[in-house]
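So that you can tell them apart, the chains are marked A, B, C, D and E in the order they are listed, and the count of residues begins at 1 in each.
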Amino acid sequence: MLRFIARRLLFLLFLLFGVALFVFILSHLVPSDPVAANLSQSALNNPEIVAAFKEKWGLDQSLFSQLLLYFQHLLTGDLGTSIRTGRPVFDDLMQFFPATLELSIVAMVIALVLGILFGTISAIFRNKAIDHIIRTVSISGVSIPSFWFALIMLNIFSSVLGITPGPGRIDTRTTTPEGGTGLLLLDSFISGNFQLFSDVAMHLILPGTVLGFFTMGLIARQTRSNLLEVLSMDYVRTARSKGLKESAIIVKHAISNAMIPVITVAGIGFCNLLGGMVLVENIFAWPGIGQYAYLSAVSLDFPAICGVSLLIAFIYVVINLLIDILYGVIDPRVRYE
Amino acid sequence: MRKFSSFISQKGFLFKLGLFICAFWIIVVIFAPLIATHSTTAQELSIRYQQPSFSHFFGTDELGRDVFSRVMYGSRISLSAGIITVIIAFSFGIFFGGIAGYKGGKVDEVMMRFSELIMAFPPLILAMVIAAALGPSIINSVIAMAIIWWPNYARLMRSLVISLKESEYVTASRVMGASHIRVLFLEILPNSFGPLLVMATLDLGNAILMFSGLSFLGLGTQPPTPEWGSMVSDGAKVIQNWWVSTFPGLAIFSISIGANFVGDGLRDFLDPKLQKE
Amino acid sequence: MMKKISLLSILLVLVLSLFACSNNGEKTNESGGTSNTDTIVIGVASDWKTLDPARAYEVFGNLYFYATYENLYTLEGSELIPKPALAKEYTVDESGLVYTFKLEEGRKFSSGNAVTAEDVVFSFNRTINLKDNASALAKGVVKVEALDDKTVVVNLKEKDASFLSKLTSNAFAVVDSKVVKEQGGSDAEDASTTDAATTHLDGTSAGSGPYVLKKWTPNTEMVLEKNPYYTGTVNASKIIIKEIPDPNTQIQALEKGEIDVALSVGPDQVKNIKEGGNSKVVSSPTSTLSFLLMNNSTEIGKEMSDPLVQQAVRYALDYKGFQQLAGDGALLPMSFVQDGFVGAKSRSDNYQNLEKAKELMKKAGYEKGFTVPLTAANYDSEGLSWVTIAEKVKEDLAKININVEIQTGDIGVVIEDYRNGKTPFLVMHWSPDYYDLSNQLAFIPGDIVGKRANWEPSANAKLVSLSEQAKVEIDDTKRAEISGKMQEIIAENSPYAFLVQHPKSFAVGVNLEGVTYNDLYKLRLNELKLSK
Amino acid sequence: MLQNNTNSIATVSNDTGTENILEVSHLKKTFHIKSPDGKKGLLRAVDDVSFTIKKGETFSLVGESGCGKSTLGRTLLGLYTPDQGSEILFNGEDITNFSKSKRKNFAKKAQLIFQDPSACLNPRRTIKQILLEPFKIHKIQNGEAKIKELMDMVGLASRFLDRFPHEMSGGQKQRVGIARALALNPELIVCDEPVSALDVSIQAQVINLLEDLQKQLNLTYLFISHDLSVVHHISDRVAVMYLGKIVELTTRDELYEKTQHPYTKSLLSSVPDISDEHREKIILTGDVPSPSNPPAGCRFHTRCPVAMDICKTKEPDFIQTGSKHFASCHLHIK
Amino acid sequence: MTLLKVEDLTIKFKSRQGVVKAVDNLNFELAQGSSLGIVGESGSGKSVTSLTIMGLLQNANTEITGNIDFDGLDLLKLSPNEMRKIRGNSISMIFQEPMTSLNPLHTCGKQIMEPILIHQKEVSKQEAKKHAIELLRMVGIPSPEQRFHEYPHQMSGGMRQRIMIAIALACNTKLLIADEPTTALDVTIQAQILDLMNSLKKKRDMSIIMITHDLGVVKEMCEKVVVMYTGQIVEKSPTELVFADPLHPYTKGLLNAIPKISNKVERLEAIEGTVPDALNMPSGCSFHPRCKYATEKCTLEVPTLFQLEDGREVKCFIYDGSEKGDDVNAAK
């Protein structure tokens, strides 16, 4: 087990190095100069200001030494400073990431609960009307453009029907509490502020559903096909020959076996959720990593892009590690000694 | 009600529906000039933001252009971008994955680590960076998406090659003295086509979605080219004029769901385990 | 596995029950919110990068700085003429280079410290020496001294008719020098490397304005509370500024009563605000001017560098159309001087003339037309997208056989080529740093914008000499005359086509009073008031 | 140990008169295996095996699953590269260091018949395409005519040519497999469990076909099977394998009548036979140990009913125990 | 005492290509404590029969007629819920593939306890565990307390088949159906399993239906044999007689086609041709295209199952005593 984790961590290092290098090369291929992008018109006319700016950001050095410098800083855990926001990238990430994480987790819970439920019903009633309806819904999930879906849902549920609150993480007339984990649901729960807890939960429901819809589709689809496969397995026949009820067969024997590939899909889905925030955070005024990534990407803010990419690559590896460990928990055949 | 449920529970209904949707859009792509009622670019500021009516089926947009005609013509851009992306990713992926799977060992290890590196990137952000770096255009978006997409094919191809290269008919071919190239291209490739095709079909929907996403963010096509994603983006600013974003959004949704229905149906058809009654 | 499933179902129940209970919670919350007339919530899509007045230059900067800091001179209402603020009065010597300011008595910073001449000197020097964006405005200042506690003397390098205008910007906001020094601030020559107060200023304000910054989370929210030492009017004791990037979402939130001001919205969005609802539209002119730049260098601009083509473009454009797109209140200035500036003139009503344009094209030898790339950033001027402008330009120029190919890009990427004078043809806007004709002189050949169009001073010596006069002429009537002459020349012969002067349209709750829009600082937050 | 074995090679192949088509000495094949957590291990599928096959005979390899018999057969055909020090002489030439062209040529002389007739035929090809493949690979003209001949030879009507494998029964598919193996006129055919996937009534047809073809074409068979009855019927000589090693090698009759190795004895007694003869059953206890971690000493000692102390520590040599009889068991070492 | 009596059992599958008779008019009975072998090649309907007795063959496209009388109950008339209470309780089944027949995610012990906990509600978990360990010991698994907590993948094929037997015997099994229980196992392991089954049968006085294609296994295990071909019984007789004096040409052919260690023949006598396609059955006797003795009558008429004097039954015109018409009793 330790050996296994050690190997994964080694791979993580390689991965992070690769990601950083890739982003660095990419962002320096671009014919754009952060100087022009970040100084005002009048400031640009002042060589003194330009020189001071270049010196501050190390832009007066050669590309290679910029790269070296960047990696040196990376090794000490310094992700550099964002050119666009002028703040340390690490601080930026710490500020924006919890919002995204919280939303992703809620979306994931919604996706898992509904996806597994739908997939199971669909497999049990294979080729019945309910199966077709569920499949249509789950395929809609993976086919609907999230940005469009978000727009429409926000308009319908918030504006027209007024069921859900509007944009943001909390009621606009209150302010985000300081400190804690930044996961407001958790923080408010711990501090016992249930008014805030329900406010936060209400604000999470709509974006969580919109985001989770895609992953829900993936999971439902995967659950259905796995369950169908598992139900044709010999050990399900064995279970039947023991006299188990059909429902007990599904719950005790089929679902757990069908879940193994679903876990992988769920893991990929979670990573996609984090990366796919870009399209909907804007609409829900969600102060998360997606917005940050988008603004960094279009303004070619190299340290910030790299920071976001490293963070997501890191999570990718961690999620994969968790998935592997979860495999071990569920499936005794892949326990790592 | 019973009739309805028996009708839709007929085997492969969703597959047929998917085929129908795809066929519909292909017809639209081909006959767009005949279907479109107006020019896609002609502006008429006096009729900005007109509601859908008989003269403008889907209403008009910010510059008084006919949304219906733009949606119809938009199918050309979206479909071709999606298809080209998938073709590039598909070709490169099976080439890469084929070699990795067939060679095995260190070569495989290195190649797969590389593909994992690409996969560890958040796809949309990577596409955004690439598209932003290369400058927004259809071709650059397609390149960006293909860069993100190929590892999926490579990994699938690799796993197929690994399982097929141990299959008995491949062994038979090798016993007969067939070269590696012959084995890879004539024995393994044709037999791995099924799952790859399913993946490609399902991916077509995804590619169209992502392309429209990039366009939505202003990284896809250049205006005034009618493209669905950027049309949704235009309409998103004025959601009260719902028709501007709703129709192109529905178009993306329908083509994507069509491709997914077809892909799902194909998978069911090709997967003997799911075929079993 | 059973356990996991039951765990999931418990979670599901939890989520569902939240739905139920939080509905109740919301109601009480809402009633609590509306009754609280002390708090005003503003929805914006700001561009704040820093809240250090000596560094910031962002569009929304002064919305914050006017709420938390004060300057020697300030703007009031929707007018652009400097009025005394911290300064009681000023005198200028005969050379026009030495300004002496007398400070008001009894002004205090939010820390309780009195505002002194020392603070002014420190603030000005800090701005100059930080060598950041804001420093550009202080370029002409040679020396700042405190004669006594309440007297400040500023020495300029050369005569500057716009100096008072410049003083109204955040570059000259007066900071609490004691607090800033305590936090590592410096006004020394080497401040650009030694100053460390920005982090502090990003979290707390150190000014004498009506509010104190309680909290700023970039891209999320800002919280302002009343400055107890401020003696003027402060209606709302608390201001919350929420970042809502999508304009449409802002409108929705406003209509639901979740926010009181939807500031970052455009003409098309406010048009859809329901009449008789709980929100109303506010429109006001701005000094933002959008224009087309046609590069004068034959190498870069190709066909566009031909003065005949440039004039043809000016004749071909449908200005009325742009006016319509820009929304109610849009103006069509004759050329580079906006309405509200000294000597500003309007474009004649029937300026567009396709026949003339075609003739010019023929004369230039391009009867059959040509293809030219038009660069447009994904950016907007007061809610009108540059890309939309480009699409309209494309349509208009097609009528004189110029085939425009639009190329979009991020503003940061586009602006670089623009600033280096490398774009043949592009959509840009001009939003003045301070409200004086001098700021507009950037369009003169050889000046900032002129250079970007590769418009050499030699190209129009008359314009250059007129501009020299405009810079130093303090007499308003004479200045207006010079301004008019320059406008006429540029309207007929320049590498620019000025399109439209944008209005600002935004929406506020019906019960919000005291809404006066000013191009520099947008809104005076302390004047906003919620009626019952 | 090595000397001993060299010695036994000489004796194994001392049978003069007919020519040896295949001489195998010290053949080893090790696989590198990897557990899911990345731990590496070695699996000695074939561990130091030596034997010879004479022209025209049927030499059988018998053993339970996992004993390495299939690996051995496939290594002989060059499908796996044997470990260093292994020697496989085919008509006197060492195939382990063949060049590319020689290897291709070798393919014409040695062929393989598979266990699963459904798996060994490419499902996307017609029978015609499948049978034409060898001719295409070796660029031999006139393939179409030869196919007809082959179909005749294996007793299939030519109407089957346009069918796909899934449209045929197991027996018919196996005939196609045999036809394909015969296409290039091989000298040696490795039959890897050719009848175990077939129904009983079809099994006999295929066995008869194989025997007929052998006579007709003067083929040499290496017959790999776990079915002792079939092996008994078809073989001239038999080698019994256990965990990667040959434990007993002799002529068919000697093996069944004068069984020496306790493993062979128990194997023979375990076969449920339909003849009336009443035999005493030796039921072995326990399972076959894992080939990646074989027991020390004699590999069979964990299950051997007559194991002695020496068996646990010392591996018995593979020695000649009779005129045509070889075994590796401490009971037979004098 | 008769435990199981199958009467006129016919099973039809409906598919798009047509209706297939998987089992055609099947009749046999089984006394308590005795064993019956059902022998046939693939497609002969033997597995379908066993699944039907277990009540595991129910779907919309299957039509089952006839009676299956088990211990006084007509199994085909029971509701699914009633059938469930019998399944795994008084009738159990073991399958061909021990590698895939166990749930890979549950410990062996848990899988053995499962039928006990379903069918014997009064038994506590603790007792069930004790009983399961007892069962493990009974099927000859060493150190059962430890093996109880192990997973199927940690065991060999033979061990897993023992676990399957333990599961099958967990309750009061009266009838054990074994569907090719040793086909996937090596000979030495096969011998162990057959030995175990024989001893358990004696110990628990239960009946066994052994379904196999291997005549050798039948010879060792069964008292009576039913030989099936294309869904029909072609011969039914006590085991010794089948091997000593097979009646039906198909049985004869099968016995001759198998190589025997004890008497070496030069050439095997194969049954020519292939099993006919279920959708395209030959007219008359379904075996006639492959039969050496076939006459014209065989191509036209379907023979019935003739009962011989010694109680054997065979489905072939050779034994119908053509001179004496349909007088079955007088045959031979």
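In this text, contacts are C-beta pairs under 8 Å (C-beta built on N, C-alpha and C of every residue); 3 or more make two chains touch, one makes a residue touch a chain.
Everything quoted here is computed from the prediction, not taken from an experiment.
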item: Number of steps on the shortest touching-chain route linking chain C and chain E; value: 2
item: Between chain A and chain E, the fewest steps along chains that touch one another; value: 1
item: Inter-centroid spacing, chain E versus chain B (mean Cα positions, whole Å); value: 52
item: Chain C and chain D, separation of their C-alpha mean positions in angstrom; value: 87
item: Chain B-chain C separation of Cα centroids, rounded to whole Å; value: 42
item: Chain A and chain D, separation of their C-alpha mean positions in angstrom; value: 55
item: Numbers and ranges of chain D residues touching at least 2 other chains; value: none
item: Contacts with two or more other chains, residues of chain E listed in rising order; value: 105
item: For chain C, residues that touch 2 or more chains besides their own; value: 1, 246, 248, 252, 378, 410, 413
item: Residues on chain D engaged by chain E in the complex (per definition of touch); value: 64-65, 169, 171-172, 199-205, 207-208, 211, 226, 228-230, 232-234, 256, 266-277, 281, 283-285, 287-288, 303
item: Chain E to chain A touching residues, read off their complex; value: 54, 56, 84-89, 92-93, 95, 97, 100-107, 114-115, 118-119, 151, 153-154, 164, 167-168
item: Contact footprint of chain B on chain A as seen in their complex; value: 11, 14-15, 18-19, 22-23, 26-27, 29-30, 127-129, 131-132, 135-136, 139-140, 142-149, 151-152, 155, 221, 225, 228-229, 232, 271-272, 274-276, 278-279, 283, 293-294, 297-298, 300, 305, 308-309, 312-313, 316-317
item: List of chain A residues in touch with chain C within their complex; value: 30-34, 36-46, 48-49, 52, 84-87, 92, 95-96, 109-110, 112-113, 116, 151, 154-155, 158-159, 162, 165-168, 171-176, 178, 194-195, 198-199, 201-202, 205, 251-252, 255-256, 259, 282-285, 287, 291-292, 298-300, 330
item: Contact set on chain B toward chain D in their complex; value: 167-169, 171-179, 182, 187, 190-191
